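Per-chain residue numbering starts at 1, and chain names A, B and C are given in the order in which the chains are listed.
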Amino acid sequence: MTTLDQPLATLAAPAARSKPARKRWPLSLTVGVAILIAWVLFTILVPPLIGRSATDVVYGSKLLPPSPLSWFGTDALGRDLLVRTAVAFRYDILVAMTSVLAAAAMGLVLGAIAGTAPEWIDNLLMGITDVISAFPNFVLALAMAAAFSPSPTTLVLSIAIVFMPYYARTTRAAILTEKNKPYADAARAMGLHPIRIVFLHLLPNSVPYTMTLIATDVSGAIMVTAGLSFLGFGVQPPDAEWGLMISEGNSFIISGEWWVSFFPGVAVMSLISAFLLIDLGIRKIQQKF
Amino acid sequence: MTGPVDRDEGVRRPIPVLEVRGVSKVFRSGGSFGAQHMVTAVKDASFEIRPGEAFGLIGESGSGKSTLGRLLLRLEEPTAGQIMFMGTDIAHLTGVQLRRLRAGMQMVFQDPFNALNPSMTVRRALAEPLKIHRKLRGAALDAEIARLLDIVGLSASAQGRLPREFSGGQRQRICLARALALQPKLIVLDEPTSALDVSVQAQIINLLVDLKQQLNLTYIFISHDLSVIGQVCDRIGVMRRGELLEITSRDQFIVNPETEYARSLRDAVPEIGRPLPDFAAEKAA
Amino acid sequence: MAVLSYALRRLAWTIPTLFGALVVIFFLTQAVPGNAALARVGLSVDPETIAAVKASMGIDQPIPVQFWIYLQNIFHGDLGHSWKTGNEVTFDLAQRIPATIELALLTLIITVPVGVALGVLAATWPGSWLDRTIQGYALLGMGIPVFWLGMMCIFVFYFLLGWVPPPSGRIGILDIAPPYVTGLYTVDSLIAGNLQLFGSVVSRLILPVASLVFVCAAPLVVMVYNIMGVQLRSDHIRAATAAGLPRGEVVRRFALKNIMIPVLTMVAHLSRLLLGGAVLVETVFAWPGVARYAVESMQVADLAPLQAVVLLITGLTIAINLIVDVSYFWIDPRVKVAA
């Protein structure tokens, strides 16, 4: 039998980190972040520099085409479209990000419950997510936004519910994987409370799986926000929001006043592209690991 | 099946830490539509563990030894039988009572890479049981964490690190420290060395033997490796296809195993100096 | 018969989903605070009138009773009455469904080959200018709001260039709809042998379909590109390349076969995207389809058409998912019923 002839080696843990590989920062990530920063600067700087607010009406300046005087032109009420486009960024980014974060939060909680609760609760919750996924995203968001009185809260909730099922499903799947790992058994064997195990042990390790679609979903949420407002079920006048601004130009497009809708549309596109590029960049970084 | 005869009986009988009576575990698979498959992982196992002893459970993979270990900690629900831990039947306990008793039994797992929560630092992993079960706070907590790391041979600087920064052997030491944090009456070691390099295996085994002496611990040591079991355990239970075939003392096992199967297990251990069985001759015969 | 039994099980599995969808639709459109009776009679009416209107609409009953009546009506093919158009909803729908089908079907027929072709082309020559252009398009296509694209198309091709008629629906004011055969004006005008009308119909379809294709093909391109990328990096393709097979031949012989199933899955996703996009495109182009019908009803709180259209679209989505899943099984019987 082995005896204690060996002294216990006191081991200082060496940092077993992987060598700092010279990873190239993906161009797409740089461009995406740059667009975002540009928008933040734009929305902060433009109104004071122009000296007008998004709702200021300049008399006698209705539907002016873009000119050195007002770069993006004015809308049917004589409001400056440059200022409105810049200010509208706040609405779109806020609604989109809040709703996706809310979707992720709801999905994490529902998924965690479904992954650990008794089977009938699991079936019920997954049934609900199935029903939500059965609707085309935009149609369900539209029906919800139309059902309740229009407000930013309604908008955020409608979009959040539409985007929730993905997070619930991935969280559930991740929890099912995690709860069979030995560390979960160890936590159980330690006599920890099941709720503590779910939220302090399993959930933190499940979150990374679910975060892969955050950036894509923000871009999707921007699209839904703009679409709902375009149809009149999102942001209400006189607030400045891109989808609403596009719809305000809808009646002028056949008579050639393109600028009313053009600039907010470009804005939507640039912001969505920024998030898609960020998503692409994150994926590239993950692949290199 | 009456259960194996405990040939070591009657030597000395302190109150057992754990008494297992006729425990069985049947796994059912298949849905409500298809035919159900029933697999008996553990069949009518009975034995007892006395304080301060190291009980080895040996068997091939799939023999049910790991399931038996998990049953003892109630990580699996037994299909039948009693598990008396410190005089209480824990086979069907639930909720608070089960959680309270669980702290008295701890487990060290085979796979040290998954046995630690990857997002918890060593300090948090050790502090959690200390805070919840032993209600330690502040300086007492710090001192206890440092002491635990010290007795498993890790420096205090390990506290702030995450599991991924450690090697397999070091992680197994952390797992051991975590198990010891609750001052358990019994530690189930489920193949604690089989995922490690051979040189590291020896270190961990030495540590286990040393800790057992220092802290007067009680082990159930599950392994498929007789040479490892032989170094740690006083008594050995042999499992095959879910059945506990025999329980003998280590010395008895080496000299004269009762069953044919145990003998074949013993003889399968390659040992320096002993000639390998002559397969060529067998074939010729 | 394995496929049949799978199809039946899968069909049974859609029933709870469909029921859940009905519950959601009912509650969203009927039981929520946006009080239907108030919306209909206006705010400044005495309580008796409101009560009378409520009774006539059946919404003075408890909600579960209303839901039960709603279910019964649906099973009898009664989708209610639109007070805005004054017609039975089924009548209105029958007139509008072909318009939407023509739009959606044409879009799908163009989107799938275009999307697959672009994805394959880009993946076959990664890093080339072709690859970059297609990738750039994909990014643009996923970022562009379809309604805005439609409007810009109207500006360029109607206002500036005058190539297409103004956006006023499926046919011009002076045109007479072709005799009803399929309901699709393109097909019906050809059957009637009226080439001039066919031209008019096509010229009005071009922009909405092009806008939808531009937006719907983008995610398909990305998906095909990713799958092809993985395929082309796999060992058997490398071996074929190493054996001296030309690139195009390798792609045609090996990689294409393996993208059929994912593309099929994508079609289900596309149809959802398409139906959502149709709501917006029909609004922009004044297209007399079901989505525009729903939006117009929504704006005046006309509930029955809204319920019917959402139910129609959702039922269609569920049906497409069902078909895709079953054909999935037909191609690869290892697929199990998702639990």
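Brief remarks on what is shown
Heads up, the rule we're going with is that a residue touches a chain if its C-beta (ideal position, glycine included) is under 8 Å from a C-beta of that chain, and two chains touch if they have at least 3 such contacts.
Bear in mind the structure is a predicted one, so any value in this text is a computation, not a measurement.
The set of chains in contact with chain A as well as chain B is empty. Centroid distances built from C-alpha atoms place C farthest away from chain B. Closest to the protein's overall CA centre, chain by chain, comes A. Chain A and chain B have centres, each the mean of its CA atoms, that are 47 Å apart. For the pair chain B and chain C, the distance between mean C-alpha positions equals 59 Å. Chain C has its Cα centroid 24 Å from the Cα centroid of chain A.
Within the complex formed with chain A, the chain C residues making contact are 16-18, 20-21, 23-25, 28-29, 32-34, 139-140, 142-145, 147-149, 151-152, 154-155, 158-160, 166-167, 272-273, 275-277, 279-280, 283-284, 295, 298-299, 306, 310, 313-314, 317-318, 321.
Contacts from chain B toward chain A in the complex involve residues 70, 73, 75, 98-103, 105-107, 109-111, 114-120, 128-129, 132-133, 150, 153-155, 157-158, 161, 164-167, 170, 173, 175, 178, 182, 202-203, 205-207, 209-210, 213, 230-231. Listed in rising order, the residues of chain A touching chain C in the complex are 127-128, 130-132, 134-140, 142-144, 146-149, 219, 223, 226-227, 230-233, 243, 246, 249-250, 253-256, 258, 261-262, 264-265, 268-270, 272-273, 276-277. Against chain B, the residues of chain A that register as touching in their complex are 1-4, 6, 8-13, 15-17, 181-183, 185-193, 201, 204-205.
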